[in-house]
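Structure provided below as structure tokens; questions to follow.
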Amino acid sequence: MKMKALLIGILCLVFVFGAVACSNNTANEPAPANNTKAVEKEPAPAAEEPKKEELEEVEIRFTWWGDTKRHEKYNAIVDEFEKAYPHITVAREFGEWVDYWDKLATQSAGGNAPDVVGMHMTQVANYASRGALVDLQPYVDSGVLDQSDFPKPVTNSGVIDGKLVMIAQGVTMSGWVYNSGLLERLKVEPPSFGWTWDEFAAKAKEVTTAFNEKGHWGATDMGGDVTSLIYYSRGLGKNLFTEEGKLGIDQQDMVNWLTIWDNLRKEGSVPDAATTSEYRTAPLEQNLFISGKVAFHALPFNQIPNYQNYIKDGEVRALRKQVNPDGKNGEFIEGAYLAVTSGSKNPEAAAQFINFFVNNENAIRIFQLEQGAVGSTKMNELVKTLINPAQQRAVGAIEETLAFAETAPLPPKGQGEVATALLAANESVGFGQSSVEAAAAEFVKAAEAILAK
Amino acid sequence: MTTIRPGRAALHVFIIAGCLIMVYPLLWMLSSSFKFNTEIFSNTTLWINDFTIDNYIQGWKGVSGVTFGTFFLNTFYIVGMSIIGTLLSCSMAAYAFARLNFTMKKALFAIMLVTLMLPFHVTVIPQYIVFNKLGWIDTTLPLILPKFFAVEGFFIFLIVQFIRSLPRELDQAAEIDGCGPIMKYIYLIMPLAMPALVTSMIFTFIWTWNDFFSQLLYLSTLSKYTVALGLRMFTDSTGQNSWGAMFAMSLLSLVPLFAVFIFFQRYLIEGIASGGIKG
Amino acid sequence: MQAIRTFWKNNWVGYFFLSPWLIGLICLSAFPMAFSLYLSFTQYDMFTSPNWIGLGNFTEMFQDRKYLNSIEVTIKYVLIGVPLQLTFALCIALLLNRGLRGLRVYRAVYYVPSLFGGSVAIAILWRQLFGGEGLVNEFLASFGIEGKNWVSTPDTALYTLIILAIWQFGASMVIFLAGLKQIPTELYESAKIDGAGRVRQFRSITFPLLTPIIFFNLVMQIISAFQAFTPAFIVSGGNGGPLDSTLFYTLYLYQKGFTHFQMGFASAMAWLLLLTIAFITALIFVTSGRWVYYQE
């Protein structure tokens, strides 16, 4: 009996210890408001190089997502940085996309996030709204972070809740592509660069008829893709996610959206739901476009060179996302960014690093088109001289569509859940599990609940 | 040998067919590892049109100057230490549960099983916080040290079940010969539980080898990465994939796992040949 | 004082052998488990402090359609997958235990699938096999049967995962083999002399003496099937599709915790799962007295 009591006592002590340890941890994390205030209160960081004798040894950690080829490039860029700034050492951590976010979330929760992190619009709200990212505006103002060469829309695409939390490494735009060789063989005229929804449906049907073969379709089914829905809503003059982070479209819009794709499926112009689901998670090398089973595929333009690697019988050419002839342009800037975490002990060194990464000529020579067209216009011109035709086409497509782009509010917290709800809506219509009206209603209900949190 | 009866032949055919089913994916990976990246998905049969060993060479080079040689060494170290730790601590705990008596034995056994039932994703964050406070991030300590404290309840339970199948008369005979509990553990029970220990060793090897999530969280420096982490770097949904290299290195990484299994499986054969104690 | 001394004298050996595990329990397991229990009553987004909401997570859970769906998916997986996997493992173990030539090779080959773990290659292979134009459908086509897209149709996707679990039966098989090897061969010899046939031998010798191992495999497979995560994660690309037909309980838990930053909800899910598994395991333990035979 006494032993039992003793054991329970020990367990209680452990619990108390644990709770204390944990509350210490959260108390130590700087409360968001305090941290940004602290950054603003500091005297503006000096823009000139500090005198050499005053430089103390500093270490910062940099993490990014990617594949082995990207790791080589980034490591080379970081080496260049360390050469230029000998007093700063950069510890590097990297992994692939899914692992990257799991690890970053855990590190952030544990108060151990790296100084400089790769950031993306699908995740930025999660981190920024919780105070995990530093406002970089002071560093831009003082010149440590040079944004003078960046088009204003590009810089602004990193602003959320009025704070500049991330800097663009590369910008990309979404659109469609087709294989010129395939269309030639099918004797189908390529559509105009800015094709409308009706033209899209007609072309897709034309191609399917020309294929005349089972298992071949005109275009991929993008009904469940949130980026496409954002374009569509912007075409209507609305925004899927409003500035305040709420749902910007109504049920009728959703009904229209789902109907478009339902009709396409019924006409056989896009694959059936099961095929779409199967290939959704397939690797690039296996997808329907590369194996020649669909003629039109939607993607972010920076991937054009990747696709061209596998398509040998034609050129991969770009098209805009379907245009609403009576409405507005849907285009908005996407890309990959760099941000500084609020727990960083060396935010200035981190800012210097980001500056080097996006502005330094040596860095850009290595980086080239890794994440799309680079943010700085001057550097972009430099890159264009270094790349191959497919890459040039990608940059060309990005620049052309960039001209149409207007500012879009960054997706809010919960955008991931909304994306999942959209996919579910499209699939449930596709698999015949619910009617368009029911699925649309369900989506609106779910999205509003998610965004209300 | 005996003449081949039709029943026996049919059995062999059945088993061999089963083997093909088991092994087909492996064969596919093997053939893919010798194809160029562009061919792997355009030609999904086992036949290779353009043979190349480039995947192995490029794959071995690893990333940024750290080769798979380093990854393998790191992994062997972690796995080796884990095996030692697990075998020691789990066999001790199993012996206590199976053969010794002490207060709260049943309750503690229940607690041990319960620790297996909590999905690991929810203990990840508190564990990370603890290890961070201890300053053990980016070391192999969070991966190895827990193994010395029998955190893998699976093996405790496994060894318990094996020990409990051993007849008590052996124990009694040993006690008559003057063996105390510690002597019994070392000289009687552990040798007899060899199949369980070997099984535990094989599984620890394989599971630790494949346990990429903990390795992902706690290892940050590239030169400390393990094979599992290295493999995950070949593919990325946002970039280019090096499938050929990934398959090549995956196969190489299966070699030690397979070798361990083959080498040690004969110890699974040696059980009790007779009902008595040897020596 | 005397009580403590006697207690110690009686129990020191047991606690001595148990000490590594006990230390591990207290220092390494107890805190994370207790903390996650605490979190299940809070709203915790991993960046800011947890926010106590009492039973809020639990009430939300049972009104969440996806949650209820994940329970259904997981129960199906356990009820169908575990018995099938164990039966396969046992049958193959029995077959392989008969002193066949080439036993070692067969045993190793049948174990190969289990070596793959959570490799990305598995996802690709499973699509190759069960996709719309996969091997299985090609095989069926040669009989004139048109197969559907097994891996991406909501009705059948889960079964492809069950097949995956069965395909990786090697671990259970190895444990069964080890257990079979522990059965003294003289028992079989004396039985044969007494004229017992193979079936009789199995019923009277093999099965009873194997029950501790069957019990072990049953309990462990149930515990691990309830927590199955990796197969669904890699084959469905992390989203439990199509139409949530492969949304395992722990996959939804992971989504809630790491993708939607709702760690409190995830912890609540985890503890509910723990209680369920504990209850079922306790049932098995309690009834085990009737059918498990230890030589003690």
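By letter and in written order, the chains are A, B and C; residue numbering begins at 1 in each of them.
By definition in this document, contacts are C-beta pairs under 8 Å (C-beta built on N, C-alpha and C of every residue); 3 or more make two chains touch, one makes a residue touch a chain.
Not measured: the values here are computed from a predicted model.
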Applying the touch definition from the top, give me the chains sitting in contact with each of subunit A and subunit C. B
Set B-C beside A-B; more C-beta pairs touch across B-C
Compute the distance, rounded to whole Å, between the mean C-alpha positions of subunit A and subunit B. 37
Cα centroid separation between subunit B and subunit C, in whole Å? 16
In subunit C, what residues contact two or more other chains? 7, 27, 31, 35, 46, 258, 263
Check each residue of subunit B and list the ones that touch at least two other chains. 103, 125-126, 130, 212, 232, 235
What are the residues of subunit A that contact at least two other chains? 3, 18, 21-22, 98, 102, 109, 283, 286
Within the complex, which stretch of subunit B touches subunit C? 11-12, 15, 18-19, 21-23, 25-26, 28-29, 44, 88-90, 92-93, 95-97, 100-103, 105, 108, 111-119, 121-123, 125-127, 130, 146, 148-151, 154, 156-158, 161-162, 164-168, 181-182, 185, 195-196, 198-199, 202-203, 206-207, 209-210, 212, 231-232, 235, 246-247, 250, 254, 257-258, 261-262, 265-266, 268-275
Within the complex, which stretch of subunit C touches subunit B? 7, 10-11, 13-15, 17-25, 27-29, 31-33, 35-36, 39, 46, 92, 95-96, 100, 104, 106-122, 125, 128, 167, 171, 174-175, 177-179, 181-186, 209, 212-213, 215-216, 219-220, 223, 226-227, 229, 250, 253-254, 257-258, 263, 266-267, 270-271, 273-274, 277-278, 281, 294-296
Could you pull out which subunit A residues touch subunit C in their complex? 2-3, 10-11, 14-15, 17-19, 21-23, 26, 29, 98, 101-102, 105, 108-109, 126-127, 130-132, 215, 273-278, 280-283, 286, 413-414, 416-417, 420, 423-424, 427-428, 431, 433
Given the complex with subunit A, which residues does subunit C contribute to the contact? 3-4, 7, 26-27, 30-31, 34-35, 38, 45-50, 123-124, 127, 131-133, 148-149, 151-154, 236-239, 241-244, 258-261, 263
So, in the complex, the side of subunit A touching subunit B is made of residues 3-4, 7, 18, 21-22, 25, 61, 65-72, 75, 91-99, 102-103, 106-107, 109-112, 283-286, 290-291, 306, 309-310
